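See structure below.
As written, the chain order gives the labels A, B, C and D, with residue 1 at the start of each chain.
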């Protein structure tokens, strides 16, 4: 969609779709409109006609693919979380810095940054409209594990998914809190918890979950993460990531309270942003429901007339636009692998705090300038 | 409640509760805390120790009681609609004007004017915050007749209730539209319709409806009123009053759109007012949900801290406060019987238009200054 | 998008984009990804490699283009309203019936039928979940004419746009009321009104409106339409179409109240449908906010996991899917030109009623079977 | 109001209002309708004509007054939190148990238990409608300290207010979580934080805050409490209590997610309860907004017709009703001082956890049966 609505510096060509299984891959390639398919990603990296690689595989494969791609001079867009461990993420961040010095760029796919209402919230805060930030609250609520008979998927397997709900949903929560507030989470106290430890093995994938088979597997990641944090500006943060919030399907909610204002957002109503201006006269103060569909709003001038809403996929469209523009201009796209690493370090601190009975741990921000290798 | 939260000019004494049936009346009197009860309202009017009479009986009795009370020098608070016909209402309005010249005052019980969010909407419009009014929409939605087996009550009998849904709910809708906008409805085109024409006779009253008996009675009033109107300022109005809005229990909704702003209200969320300021910057414009519980809001300084909400009955509390203050200051309380007559004339025009196949009829405002008799 | 998410019977090729101005057309063609552009639509109709023509030009051109295309054996998708007059629409409907008998099909672009929540509302009603329909309310609220200095566009010129707000927004309102209820609007009483009769001529188009020039033009269409209607099943309908609902950007709202249930929808929250089940136990009855993103919902199994929302454009995607499937199966796509003609006749009756001071007029449904020519 | 709407076992007489300052007390007594006033509460306790004492003074006085009143054979209603320390609360609980054995009863004023929607949520959970409880979230959000120049009040002074926001708002949050879920909070990890440590001293009290003087005082209580907890049934809880949630005036929010359902509530919309039934068919599942105004709902049969809402004060009305009924029937009213003590012990554990860097501490439920003294 990106080239149809935005003036892009390049005309993207969807050349090769890579995957494991030959048959499924071929039919998927056709449906999605890729020119070719390929089961060995290494061959992809070697090809001269590929400029950009988009890594959407499970987290345990990110580092290997990204390192190879960057080494081969390909730009990389890597799905979040950046990796399954801080060690992998660090290696990737170093490789990304090196590549960037050669004009080869990389970006992490925190696509919710590109939801216009989220970008608008960040703009309001950057403009000082909420003042000093006191509290940030982010919860990412889903419910597809509420049913104890919902089957195992790779997302529940620590070997593949790393941090489970914390890595999948919590990574978005942490990134958004930092992106919108413009601050970092510098210390955390956290709890990870698994409600259902054994689940039927997967028969067939359906949506995020799937159908069950008779055998059972062990859930090795957390179902729920509850986190309290301290922000770099002196404020407090609280996070919840769960797949047990019965009735909440994709409720990524954010509320930031500051000394002179507040913003509130819910992904289930992604075209709306609520803004409270504490400096308004008391008789007319209140949360204003901004329908983020005006040409004055981020990304919106490219789309429909006011009031015509966007959906989930448009965050990805905007991500492609931002990435290609940065590449064309020879500047580092955001969020960089450094930013991905920093989120990873917060997640790692949460996991460590949970194992240390909720002790407060610093996130030891590793995304500071370091020596190029 | 009024004397507990407001500084009243009088200490009201609840002296006599009047009604038809002796037994029910006595137990009711006790529960409600009246000093005495009385089955003959005429004796009430004759007593010297009664200063104010509150008429809450069905509409067909309003005129007789009010005229007698005013003649006897009693202040009168009369439930809406003022009467069942324009003729009765006219007679009452004349009597009220005469009484007022002797310092005896009367008021119609359009209690929703005293809901703080409604009073706040009026204030915003009076201050010019919505600009020139283009459109007014008021719907009063209830659903207690959705079930065709819901029984007959006096509210469905034209002899007692006059105009049915139009008189009961529509009167509120018309009054609010005029009160909040500060304009009058000068012409109407309307439709009255009855969906269920026979209903089981009432066994016992329960809430607004009741339990059924085996016999059936004929519904002689409209179930639904749909009205289009022209406002004195050049704008348009639309009204709906219905008891068939399945799932809506008491949704009196008002939205007023003007050249530079708008207000929106729903009685089911009576502590909230939505305000749109079209002069705000486009990027932050939107409907602001004002929680009308601040000391700056009408009536609120007498109540709880901000954020602590009021309920249905507080409109009546405020009505008593406003009435007693006006009487103490020797000025005409609003809404006067003239205002009640004017609403009555709009209702009558709607009924006539419905009978004339939706023809536009002027409401022939009878509330203009006239000769004192 | 359609071929990427749905299994289509054809692989659509975007061959020729047609328009008036050469330069704008060329740049638009490139951006939108069409293979060629063409300034003379007649040449398009003559080409053998074109199977389907999508008519998106102003209403005054629909009939000529559609008739030529159908005569040339091209399938036709025509933007709503079908035409600017009933006469044109009738001619188109006859041509469409003739073409259909030769396997050449046509469809009107009432794209909101394809919003999943709308399709779901229709399904619930078809399944009897709201019972006998008592009241239908549809309002289509926009505000881009609130500002009297908003410029003239072709949409305000009767010669081009036919019925103004009534034709543009009101056509959607009427179609949705009928589509969701499964009934027809058989009689209407209506009012068309123009608040601002002179506006600055358009400098440059921006969104739905544009920038102003110094000259002024005359608005020859209605700004607002207020309509009361009678439904074929005995219920009542009320419609409002306006571009003066300050603060409402694209609020197409529908509420249908029946004997045992109700549905409510607002296009500004297009992924949600509210459903009230009057047969639920009173203690837990209420409007249920259904997030229409489950695989069980219309069109949704092709899209994202539950909770991931769709936007405005997806109605058009679904429209293409439904059209191509019908063509492939050799059956009449819905809504047919007959359906478009029937809506047109309702709009014409509204206009005539407004001219006849709100008189009730039958819509004289012309979409009944007739002789093939 | 209680005797006007409910059949009470007693006719309450408002006999004596007690306070410190003679002048303010007298005028307050008059306005509120008490027969007498008294500046020495000890004399009150000695009077034979007083049956029930309602303690509404700051938390540091609760224990002394309650112990004296119970010893003198007066029933006691004590405002929450029960005391400022667990030691005081324990002494009160023992005294209350002893008094109860003599037919003298006591109750803590957790009035929000009496909000009908809250009582309805508890009923649904008790009936098994949400299944096994996985997560409880309660936040109590106010914003009257957002402004650093908002003045000191006794609520910010540890000597008077004990636990600050945690004791004032957090006590409600903990009590509601336990009351609605039917479980106890058995372990906690918490953080207390003070954003603004110096504030202008109070000139005059206005609402919950007041006007400022030139001098400054030190805030000695926490502004914000963030708590993670473990429930007795194996679920997790998270709590937030803050007076810095800019724009939130009195948002006591609760959401409970269970294996087959969920409930959600917000005190700013106190007449509504949202209920999600995970066993409903997927196509019509969703949160149902129950307007808690039906005769089938707790407390509601005594009030208005369906759809007519209640306000903040009605929780107190219901509290009086429940208290008097329990006294009349000679049974322990709920919540007892034991329940108040148990909440106090949770609050104490939160405070201790905060001092111990977030360590998990058991709440060591002291409300179990113990030896009578």
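The rule is short, and it goes like this: a contact is a pair of C-beta atoms (placed from the backbone, for glycine too) under 8 Å apart; a residue touches a chain by one contact, two chains touch by 3 or more.
Since this is a predicted model, take the numbers as computed values, not measurements.
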Suppose chain centres are the mean of their C-alpha atoms. Which chain sits farthest from chain C? D
Could you check if the interface between copies chain C and chain D is built from the same residues on both sides, meaning over half shared, or from different ones? same
Please tell me the distance, in whole Å, between the geometric centres of chain B and chain D computed from their C-alpha atoms. 37
Chain centre separation in whole Å, for chain D relative to chain C (CA means): 54
Chain-centre distance (mean CA atoms) for chain B and chain C, in whole Å, is 40
Sites on chain B at which at least two other chains make contact: 248, 285-287, 291, 295
Residues of chain A that touch chain B when the two form their complex: 120, 124, 275, 277, 281-291, 294-297
Seen from chain A, its contact residues with chain D in the complex are 130, 134-135, 137, 139, 143, 146-148, 189, 191, 193, 195, 224, 226, 228, 234, 236, 238, 240, 242, 244-248, 255, 257-262, 276, 278, 285-287, 353, 357-360
Inside the complex, what are the residues of chain C that reach chain A? 1, 3-4, 7, 31-33, 142, 144, 206-208, 248-251, 268-271, 291, 293, 295, 304-314
